[in-house]
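Take a look at the structures below.
Two complexes come next, and they have one chain in common, chain A, joined by chain B in the first and chain C in the second.
Moving on to the complex of A and B:
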């Protein structure tokens, strides 16, 4: 038996911290029940039920955001015998996942790819995946993490192949399952090694291994990165992405490219937060050090991973003619940019990733919304069929232009701010480091990659603006809802370039910034909060801690 | 050599040989039988490790359930066995090289690592403690796995249902 850390908080009070997930579980059941009573042509209405469930979950997540405010990432886990942590980092990602699922459902309701199909399962599976991503962001135990990862993957496999009659969808689903099974198996092998060494699945146990068995730690980390890399679509594990993105229904493509990827980043960030200061502890792998000219550690692995991911993504995107494939490679490249933060591996860099993820959320959902709207009328995903779109709907094309410029990362958009924050974090770490060019070279490669990406993003803008409209766009126009939706995606991109302070503060709180920064939206006098504070008063701030990992620089 | 060690090495030989058969057999039925012996012998290893519940679970679920299901699946879906289901390997050279590298790394790790020695556990049933753990320390994963299974069931039932699109 493992040592059972006794929790002081009653189980029911602990459960109040996972109410968003519980609400989603309820919503899953309700959606399935509704689907049973609705005829097929009306089963799309399940989408609204699912949306309502997400709304209630999101409201509770906002409330919990205030309750858990001020708890550090990498701090002690306290719920359910150390299975999940209740901190703002988890709540930050839960809010993003719920919002992402909401946008996905709205897009699904408007997508021509999904009409005339039975959609009860679709929304139930989408909610399951969302619930699993919520647990992925908050899990602080390997078992919970693996279970959440699998629960996110299983519905994704089905959703990717939801258009059963479509050959491409079947191929997408099958490829996704095969790659998913392999990477999850590799990850599980790594976990088994960790468990054998530590005798515990808690994240804190891994910290101990890192100090005793450093080479083993590195190898197991590589195994784990295979699992996360699959979700993040990082380079050697990205092969599924283009085919799955192409074959899946467009709203699901958007979901996979944003929510699924964010879940991977959230989980690995929580896992690695305790190692902020530990990456250079052990003087092992002398041969490798001589070969690489630097200590072979986690940062080296991430350096390779980041460079490989962004370069492969950007250069392969150059040759794409299908917009969904292009966006797939673009999303791989963006994963590469965000992986640079793991090379710098400090608090600023992680904040920058979270900041970038929000902007990436807006940019990608915006682009996929446009893809859905255009497909609804033209039935085509070819970029060449977008020719002359500008003359049909200048407003929407301007919005898309803004999103594309933001994807490049050029100044009048939020994409620039995001990249700036990321790269500055890396450069600053370089200035502190003994081998600055390790970091500088990474930023230079990332900048060169941005220049490469300019080519294919601008290529889309060129197609839309500098040609006469093709025959597929003969009677084409966007309706008012679609125009409004595109404006809703483009407006924040501009607004956040003008003033990104509110978003920065939001991210800082997500990282567990000081409690005085909390804006009290809801009076915190609930039973839940009283219990928390009272226990802290009697037992000290570590009341529910099952581990004391000492100093987290974060 | 204690009898336990002898039994362990016998089981290990069975596992490795049958795993090799499962991997390289051209006929999928032979591969399934190879897998059968792998899983069965693995159950024996669990017994040696005094994980009685796990051993029984292994035999009931993997040998009794999944493998029989696999064989039935093969027998029921394909009449011309040799023609249809033949596993093949492509780019085997790369696979061999990669496999050897990974094997070497793992071997180095296993010999290098300082594995913690557990105190020699008494031979008593693990079922009761497992039950307690499932409703205490592992309560959340235990309940959450029901959602996992629900998702798998939903997805599978959707995929196998005949297409509704006219």
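Moving on to the complex of A and C:
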């Protein structure tokens, strides 16, 4: 069916590599069954069932993490006729998704937005989305990618509008499904072209087009980036993000901003890994007028995407008064920072993205946890209602301060390490490149953007610390669980600044296996190149032009 | 003179459908109209996949990328039809909610959040 090296493992053995997903599938059924037997006011207990399912899946993912990074990889890394990959890269993201879903469920159990609602389906949908994101991180076939993407999207649409008596929730849901369906449709059109040009749905096939007809490759990649950009909330596909983040229940907002975005990054990193490991691409425009002394290619597109995303995110965040909208634009800006790695497209840059994603995970879940806790008591998402929070709960505000400083990317926090790694990877690529300013300019713009972001993040700290408490905070206090939760989010941010080596090693292990998977593809690619060269000798350079194949007798 | 219908005709039709779909999404104000336009985009992709499965896959398949490449496109198309149905069901449910909250299914009415 595909280009993948055919697996010699029996199917049942192959199944063992997707046990986390299978466990989630079982958990979905169990949650729905539990929901049927529980009365409405007790249906929140399904959350604990879902959490148990996630726990079992996570334990297996940890086990597989060790299996896939061991000698076991002597066998083929790809399963089910090349549909999914079983490597550490996939396991890395699966662990993150499972952890993210766990935090989301804990937040949901504590959120006042979801009380008095029937919540069995809520947790079942959350688990479905998580299962799909797990498949998305490991898919190595375009069909699998599309199925995983849609399976992630469909529950997300429902979850965004879960408070269906609320006008904003209904609006958020509608905007999400319309934007989502359009961008996945555009991506699908790109996939269909890619399939026709490469004659295969395998990821490895995209390198074939790049070696033969680069402009067509670029066009199809632009279509594809529409779909991924939607998931990553990269401009100009970000319009849904602020409205959906505002209308969705806060735990779901956190889920969308972390897990859904991570799934987008995981999928595009895997999709582009074979392309970025190529040494040659087809000579394309003879007189290509590039940017900053560089020919226009896929990295130029990512350059534009990154700059547009971070600038738009940061500058629009400046005038937000609603904390959820502000965090939405902040998450758009962070997607922009992470997209710089695709401009550098070396191994260090990809590990930097994975490193940054972990820190982003902690920062964002921490902030949304704080938003949930404060909303529970005040019923407001306005930043102005946070005035004087410091005088009510200094500990929590210090924790939030740490998270906010980390979001800016200033030194005593892990956010600084993450950004440092990202930008250093880009600068180093620039030093190796013939057109260094293409890379340097990107880093300069990103740094300028970080300075802009300082303004609105510090604005929140200012509101919390330098005003008298408002009337909404009159009898406000955090309970012990909430204080502990905030400490759990803030502590790693400081600890990772002091020593980030363990996390770096974790990421390297995740990346190492992903590289192995890429290496498996390279021999095939060189083989294809040879075949192509031979074919071009006999048929001329237009041998694989689309018009030629149109005439091909069938 | 008989006109032979080849791959290029399907691709052009697919491109036209895709463009019509995009135009529909941008111009339609009625949520159901937008939904129909989205279905047109999906069908453009479907048409491409099936045309490629019939015409191009065999012609393009090289050693190392062979196999039943011809079937892939058709299988993909079936999955798309399935997912399009799911998406339509979901979208219609959401549109009903919108009608209940806003009293209209014009997308302009359901636009209270901005900034």
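Note that the second predicted complex is superposed on the first by the 487 of 554 C-alpha atoms of A that agree within 3 Å, B and C clash if a C-alpha of one lies under 4 Å from a C-alpha of the other, contacts with A are read in each partner's own complex, and residues count from 1 in each chain.
Throughout what follows, a residue touches a chain if its C-beta (ideal position, glycine included) is under 8 Å from a C-beta of that chain, and two chains touch if they have at least 3 such contacts.
None of these values were measured; they are calculated from a predicted model.
Which of chain B and chain C touches more residues of chain A is settled by the count: it is C.
By the touch criterion defined above, A:168 reaches chain C but does not reach chain B. After overlaying the two complexes on the shared chain, residue contacts for A:197 are found with chain B and with chain C alike.
In the superposed pair of complexes, A:19 makes contact with neither chain B nor chain C.
In the superposition on chain A, A:304 contacts neither chain B nor chain C.
After overlaying the two complexes on the shared chain, residue contacts for A:143 are found with chain B and with chain C alike. Residue contacts after overlaying the shared chain place A:242 against chain C, while chain B stays out of touching range. Once chain A of one complex is fitted onto chain A of the other, the partner contacts of A:398 are absent, as it touches neither chain B nor chain C. Touch criterion met: A:157 reaches chain B and chain C at once. Once the two complexes are laid over each other on the shared chain, residue contacts for A:319 go to chain C alone; chain B is not touched. For the contact definition in use here, the residues of chain A common to its chain B contact set and its chain C contact set are 1-2, 143, 147, 150, 154, 157-158, 161, 164, 193, 196-199. On chain B, the positions that touch chain A within their shared complex are 105-106, 108-109, 112-116, 118, 129, 133, 136-141, 144-145, 147-148, 150-152, 154-155, 157-159, 163-165.
Within the complex, the chain A residues that touch chain B are 1-2, 4, 11, 18, 25, 28, 32, 40, 79-81, 83-84, 116-118, 121, 124-125, 128-129, 131-132, 135, 141, 143-144, 147-148, 150-151, 154-155, 157-158, 161-162, 164-165, 193, 196-199, 212-213, 215-216, 219.
Against chain A, the residues of chain C that register as touching in their complex are 6-8, 11, 14, 18, 21-22, 25, 31, 34-35, 38, 41-42, 44-46, 48-49, 51-52, 54-65, 67-69, 71-73, 75-76, 79-80, 83, 86-87, 90-91, 94-95, 97-98, 100-102, 107, 110-115. Within the complex formed with chain C, the chain A residues making contact are 1-3, 142-143, 146-147, 150, 154, 157-158, 161, 164, 166-168, 170-175, 177-178, 181-182, 185-186, 188-189, 191-193, 195-202, 204-205, 208, 242-243, 246-247, 319-320, 325, 524, 527-528, 531-532, 535, 544, 546-547, 549-552, 554.
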